[in-house]
Every structure is written in structure tokens, then in C-alpha cells.
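Both of the next two complexes hold chain A, though its partner changes from chain B to chain C.
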Partner chain A sequence: MRTKARLLAAATVAAALAAPTAAHAHLVDTRLGDFYGGALHPLTELDQLLPWVALAALAAFQGARRARWVIVAFPLALLAGGAAALLLPAPPFGPILGIGLVAATGLALAAAARLPLPVLIGLSTVMGLLHGLQNGQGLPASTDRLLFLAGATAAGYAVMTLATGGALAFLRGVGGWRPIALRATGSWVAAVGIMVLGLQFAAPATAG
Partner chain B sequence: MTTVTELRIRLRLALLAVVTLVGVLLPALPAAPHEASMAVITLREIAPGRYLGQWTMPPADPTLQPIFPAHCRWEPPELVCGERGLIGRLSFMGLGSTQSVATIRVIPRDGPMQAYTVSAAKPTAMAARDPGTDLAVWLDLAETYVNLGIDHILRGIDHLLFVLGLIWLTSSGWMLVRTITAFTVGHSISLAAATFGWVGIPEKPLNAAIALSIVFVGVEIVKLQRGEIGLTARYPWIVAFAFGLLHGLGFATALTNLGIPQATLPIALLFFNIGVEIGQLAFVFAVLALIWAHRQARAVLPRWGAALPAYAIGSIAAFWFLARV
Partner chain C sequence: MTVPSKPSLPLAALLSLIPLAPALAHTGSGVAVGLQSGLLHPITGPDHLVAMVAVGLWGAQLGAPAIWVLPITFPLVMAIGGLIGLAGVPLPLVEPVVALSGLALGLLIALHVRPPLWVAAVVVGVFAIFHGYAHGRELPGAADPTAYAVGFVVATGLLHLVGILIGVMVAWPAGARLVRACGAAIGCVGLYFLLASVGVLS
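After this line comes the complex of A and B, so read on.
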């Protein structure tokens, strides 16, 4: 019964992730201008928020000395990706890579993998660049792109910092169940990523 | 000794929390003071139920259009509402980031002028013949002005930078509470005084002085980092109160520019101030949460870069000062 419920929940999240297959920027009207619009944009995209939190938890498993590099690398990559979006079109492999990153980050978290620092920074950078590129695509001409990207970067920094700090504090707490809980979360993220990846490949076949 | 060490660690954590935010924000900061982008349309009753409309403060977005109750017919510049008069929901089409606030001022043939402010957050206002006795209109007013207050503080990067500086200058939680409270009391007093017209400072020098207050806080932070613990570091609430008076005058410009009638001014002021406090507290809690997260990750700036954020804040505020002068 519980397994069924879990599968249903994972399938729901997977469906939510699978829906926006193309890289696009939906504008969130915050009434507070383009900075806050940019900040809220990635926060309302599950395919961005989910791997961010998984990456933060994965970083926490590496210890504070390594985890802190993610707080620096990720927002900078997000900003660089957003700036690149002003010049470059969206990469055709973007959606697949994005979902692949969800699955890979989830799997690494589920395995509580000990990553070398360059790999952790590399993963943060690739994810940041890709999501930055996606955030900067398809903005209407009326949007102040600089403010929008600054907002998205500030959100990336805030989420990554709070999630990393929260995960580190959580792991420092008493109880052997804590790492298990985080790893279980990682397995869910991996399951969602793999399901969506499967849907991505299955969709063209079923469409025909 | 331990206290000084803790203070230094706290400062470095705050520095790191800020440096990324400032780094992200700096390119996007406006040189001009933030102003609520508003439009005002005035409707003068020329015959019972018939009004003549005119933009007294034209909209930044030319596509902005007022929406009147269904029983009214709007054929610019004339509005015909018949025997019922102008009662019911008022709104604007096209409110957004370009045009965040718009006001409809109604000048009846007899009776006081009424003003209905609409924002993207609070997209409708309720017009009634006698707002003084209609609870729904008062609630409507509360919702409008609380949202306006939140909007004003969150869009006001200069006010937020000043509050950030105050958080930076405080060395304990209790001192932070006292400092933020002093700032609140200070700006509430001057906001009320300016809104009621008891005091007034021209907008340009006022905005320049607000920028200068941020420069002052930046300098005090650098001094504190050098170990010069002066009056500001010991009693930051004094600085907070004094400059709070200044920032309150800045908040008041958002209200006085709306041309709110005297009858509704006190309640508008109250709810606007509540909105400002909500926005300010949300910002303070966000910064404290980031400091806590940095502490957990032991993410601090290297010694050589510890003063950079203070210099960055001071420099941008100095730029504002020059631009505003």
C-alpha cells in the first residue's frame, strides 16, 4: 500500500517535470518588477528546484569544507549561463541534459557518494550553466534582462546556501536515521529523474 | 576576547552572505531613487452620475486603461454611471512591472474628494458613496495600503541596504532587535509627520541624504572591522533612530504623491506603515537565515577580502549620492 502511494507520488512529480519539455521562461508576475520576477522564476520550476535541493544535500554529504564551494560555484555559473543566453540559443540537448542531471544528482545522493572536489564543483557549474541558459531564454522584450537574471541568480544563491546549510545542520543532528533520510530523498529524486528520462525517450515513439 | 572573536566570525559570515547578493545586485541597481511608478486619473462629476476624466499623472505604460463597474459606460473622456453613480469595483487593465500603482480620484459635485488606489497585487478597489461607514471599503483600503507598503520597501534597495548595514553593525540578537525597533520608531514618526504635512524636505536632497546614510553605515562597518569600536558599534540603535527619521521621509513620498484625501489619510498611513514593517521583517529574517546557513557551511570570506563588501556598499551609495545631487 505504502509502495503504491510512493510510486504515485513519484509519478506525479515526474509528470510535473515532464510537462515543460522545452526550455522556456514563463514569467511570474510578482508586481515587484523584473528582479523579483527573475527570483521567482526558477522557484516555480520543479525541474530546477528539485536538482538544486538534491545538489545541496549531496554537497552536505561531502562535509562543510567542500560543500561551501557549491555556494560560490553554483550562483556564478547560473549568472554566466543567464548571460550566455543573451547571445546563444537554447541548446537542443538542454531538456535531456537537465533531466539527466536530476537523475545523476539523485543517484549520487542516494548512494551518499563521496565526490572529489573538482567533480562537485563541475556538477554545480554544469547545472548552473544549463539552468541559467534556460532561465534567460524566451524573455519578452519588455523584460529588463539584467534585473531578471540578477533575480534568478540571487534566488539560486539563496536556495543553495539555505539548503546546503540546512542539510549540514540536519546531518550534524543526533540519530543515525538522518543520513538515511537524506539518501532516501535522493532515491526519490533519482526515481523521478529516471522516470522523466524514460518518458522523454518514450514520447516520440508513442506519438508516432 | 571570546566576544571579539565571535564578533569577527559573525562579521565574516555576514560579509560572505552579503558579497554574493551585492555582487548580483550591483549591476542592476538604479542610480535614481526608487519611485513607485504610478498613474492618476481624476474624474470630476459634471452632472449627477456623469464624470469627466483626465489623466493628472499620465501612465508610464500608455496601454493602461481604467476599468469601471459594469453599469458605467466609459467613453474617454466621459464616464456615465447613471443614477447609481460611481459605486462598485474599480480596476486597471495593464498594471504590472512598468506601472505598479494607479489611482482613480473622484471629485463629486458635493462632498469630499475620494481616491482609490489599485496595484498589481491588489488589482481592484471598491468605490462607495460614503467610505466612512462602509466596512468593506475600509478593508479594501487596508489591503491596498499594506501591499503598497510591502512593495515600497522591497523595491527600495537603498532602504534595504541600510537595514543590511544595521544588521552588520550589531553584535548580538538583542542589540539587533533594539536597532531594528529604533529604525522602525524613527521612520514611523517622520513618515507620519511628512504625510500629514507637518514636515517636508524636497525630494532631491532627501534622496541624496538617504544615500549618504548608507555611505555612513559602510564607513562605520569598515571602522568596526579595523577594531575601532566607536559610538555606532556600541549603540547602533541611536544611528538607526536618527537615520530612521530620514528614511521615513523617503517612505512618505510614496504616499503623498498619491493625493489621498485627508479623511482616509490616517488609516492609509497606518496600513502603509504596517506593510513597510512586514517587508522589512521579511528582509531581516532572510538575511539572518543566510547568515545561519553560512555559519553551518563555515563559508567565510578570506581575511584579505573581508572589507570588500563594505567598500562595495559604500561605493554604490556614494555613486547614488552623486547621481541624486
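After this line comes the complex of A and C, so read on.
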């Protein structure tokens, strides 16, 4: 009993020392290493994370057999885009294309569109290439680019696989509200994409 | 060393978790600030808040397919309103129409009006443009425009969901009456803000 009380006292002291510090949410400067830096980079970019999740849900609407292609095509394109970033500069149309993909993927999801397989793979490839290209830009000279891009690709693979699998399992559950819930999420993504796309045209300096 | 009595230790541990310094979780992160301001924008304006709950409530009261057509189409039409705001097109009487949306939707729920789906969609769509315009005007000044847009669209969608979940009660006679009472209350809030926006109330 006495030992338990001492443990509690130690925990109190530890909590008192740890709790009052200010919490900094952004994870860029946490010295996690280049691999984890690369993995976190797209996860802290809503411009990338949003269309990834929308694409995964859209893939789930196409059925498991077709959705598997997205899980293969998207990470490979992400890796190829990252590798291309070592040689090529960022395309000037990148931000507009990126937001356009958010709007297009969201609209397709809101409509629960049945896409031909080449269109689905093409959409995954264009998105992967663009985001890979964007992830590989502007890295400090001290960053190990190979590790950074490997981390970004691993994050892309993990998010796409988990989100697609999750959406497929969700759609297989009981209740007609499930596809409606996913479609409503698609309309949210589309609304964000349409407005931010509008902002790109209305005030490129602000949005860019 | 004298160990303090047992009940005081968990209490001390609990109290020590209250941060003495402000938790500056958003330092240096435009995403977090944009997301926060976007999430709070529809929630901190009671006129927006009640109107969004009313959209979900009315959808639930009308039943299928309105229960899902209205919440899916609302964000898309709202985005068009946001685009109008971004383009700098002047839209008159934005705040009065936002307040009027609460009053009108509240009355429609309270009186259990069941128009054809396209009429309901047009009514909600017109109001969605004005709500989107009001939110979209803030977009260029946001710390992170994408995060701000995500925040207010998600907040709007969740308010619809709250309305739908309350509206599920229409399956029971007492619940249907309660939903109509909610509509009347929303109408009163809308009326208050309408009178305030035209200067009748200060």
C-alpha cells in the first residue's frame, strides 16, 4: 500500500513537471528524422490528405476488385513524382491542378460515380505524380531526400490502403445510410475544393 | 518522508494536469489556426447555427429522399455562394437573409409544411448561397484558406447531422411534436436576428 502511495506521489510530481509546458502541434521541427519527416509532410497538408481520403472512398464505391488498383497505382505514382522532383522544378499549374483534383474527386464521390477502370487508375496516377512532385520540392540541403520520399510514399500507401479498406468495410455494413454518409463527405470535400479553387483564380497571391 | 493521505494524491495529480501556462498549440501552424477559425465560424454565430440545424431537422421531417438530398446538396450550393463572395460580387442583405433562413425554416418545421422536393431544394439552396457568401468572404483572410474551408464545411455538415439526429424523433408522435417545437424555437431565434439585422432591435 505504501509503495502504491509513493508511486502516486512520483506520478504527481511527474505530471506537475510535464503538464504546464506549452504544446506545439506542428510536427515539422520535432527531429523525428527524414523518413518520418517525409511521412508526416503530406499528412499535415490538407490539400493532399483530403483528396487521398476522397479517392479512397471513391475507389470503395467501385468495389474491392477495382479498388485494389488504386492501392497499387497511387503509391507508385507518388514515388515516381517524388523521384521526378529531384530533376524537375514544381510545375506552375501545380496548385490549381491540386485543388482541381480535390473538387473533382469530391464531386465524383458525392455523385457516387461509377468510373471506368482506366479513369480510376488515371486519376490515382495524376494525383500521385503531382503530390509526389510537390512533396519533393523545397527540401533543405541537409535532408536525406531518399529517406524523405520513402517516408512520404509509405504514408501514401498506408493512408490509401487503410482508408480504402475502411471505406469498403463501412459500405458492407448494414444500413442504407452508409453510402449516403460517404457521399455527404464527398460533397464536403467538393465544396472545399470548389471554394479554394475559386480563391486560386480570385487571388492567386493569397492562395499560392 | 511523509506520504500525503490517499485521496489527496489523485486530486493533486488531477489538478497538476491543469496547464499553468497557456497551451499554444497553434504556434507557427496556419493549418491549425485556419481549421479552428473555420470550425468556429458557423458555431459562434447563433443565426447560422440554428439555420443549419434547421436544414437537418427539416430534411428528417420530410423523410427520404429529402433527408439525404438536402445535406448532400447544401455544401455544394454553399460553395457557389462562397465563390460569389470570393469574386467580390456584391450580394445585398446577406445578414438579414441569413437570419430570415432561420425564421423561414423554423416556421416550415413548426407548421409541418411538406412541399415537393424541388421546392424544398430551391428554398434551402437560396439560403445556402447566402450562408456560403457570408463564410466565403472570410476565406482570403484566413491563416490557411483550405483549412478554414474544411473547418466551416465540416462544422456546417455536423450541424446538419445534429438536426437529422434530433429529427429522427419524428418516428414517435411525441417526438414529432418536439421537432415542431424545435422549429418554433428556431423561428424565434431567426426572428430575433432578423429584427436585429434591420435595426429594429439593438
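As a convention for this text, the second predicted complex is superposed on the first by the 174 of 208 C-alpha atoms of A that agree within 3 Å, B and C clash if a C-alpha of one lies under 4 Å from a C-alpha of the other, contacts with A are read in each partner's own complex, and residues count from 1 in each chain.
One rule holds in what follows: a contact is a pair of C-beta atoms (placed from the backbone, for glycine too) under 8 Å apart; a residue touches a chain by one contact, two chains touch by 3 or more.
Since the structure is predicted, the reported quantities are computational estimates derived from the model, not experimental observations.
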| item | value |
| --- | --- |
| Chain B versus chain C as contact partner of A:Val196, first or second or both or neither | second |
| Partner chain(s) touched by A:Trp188 [first = chain B, second = chain C, both, neither] | second |
| Contacts of A:Ala110 with chain B and chain C, given as first, second, both or neither | second |
| Which superposed partner A:Asp34 touches (first chain B, second chain C, both, neither) | first |
| Dominant toucher of chain A (residue count), chain B or chain C | C |
| Chain A residues contacted in one complex by chain B, in the other by chain C | none |
| Contact footprint of chain B on chain A as seen in their complex | 29, 31-37, 64-65, 67-68, 71-72, 75, 79, 142-144, 146-147, 150, 153-154, 157-158, 161-162, 164-166, 168-169, 172 |
| In the complex with chain C, residue positions of chain A that touch it | 2, 5-6, 8-9, 11-12, 15-16, 19-26, 44-47, 50, 99, 107, 110, 177, 180, 183-184, 187-188, 190-192, 194-196, 198-199, 202-203, 206-207 |
| Touching residues on chain C, where the partner in the complex is chain A | 3-4, 6, 9-10, 12-13, 16-29, 31-32, 35, 68, 71-76, 78-80, 82-83, 86-88, 132, 136, 139-140, 144-147, 149-150, 153-154, 157 |
| Residue ranges of chain B touching chain A (in the complex, touch as defined) | 17, 20-21, 24-25, 27-28, 95-98, 100, 119-121, 151, 154-155, 286, 289-290, 292-299 |
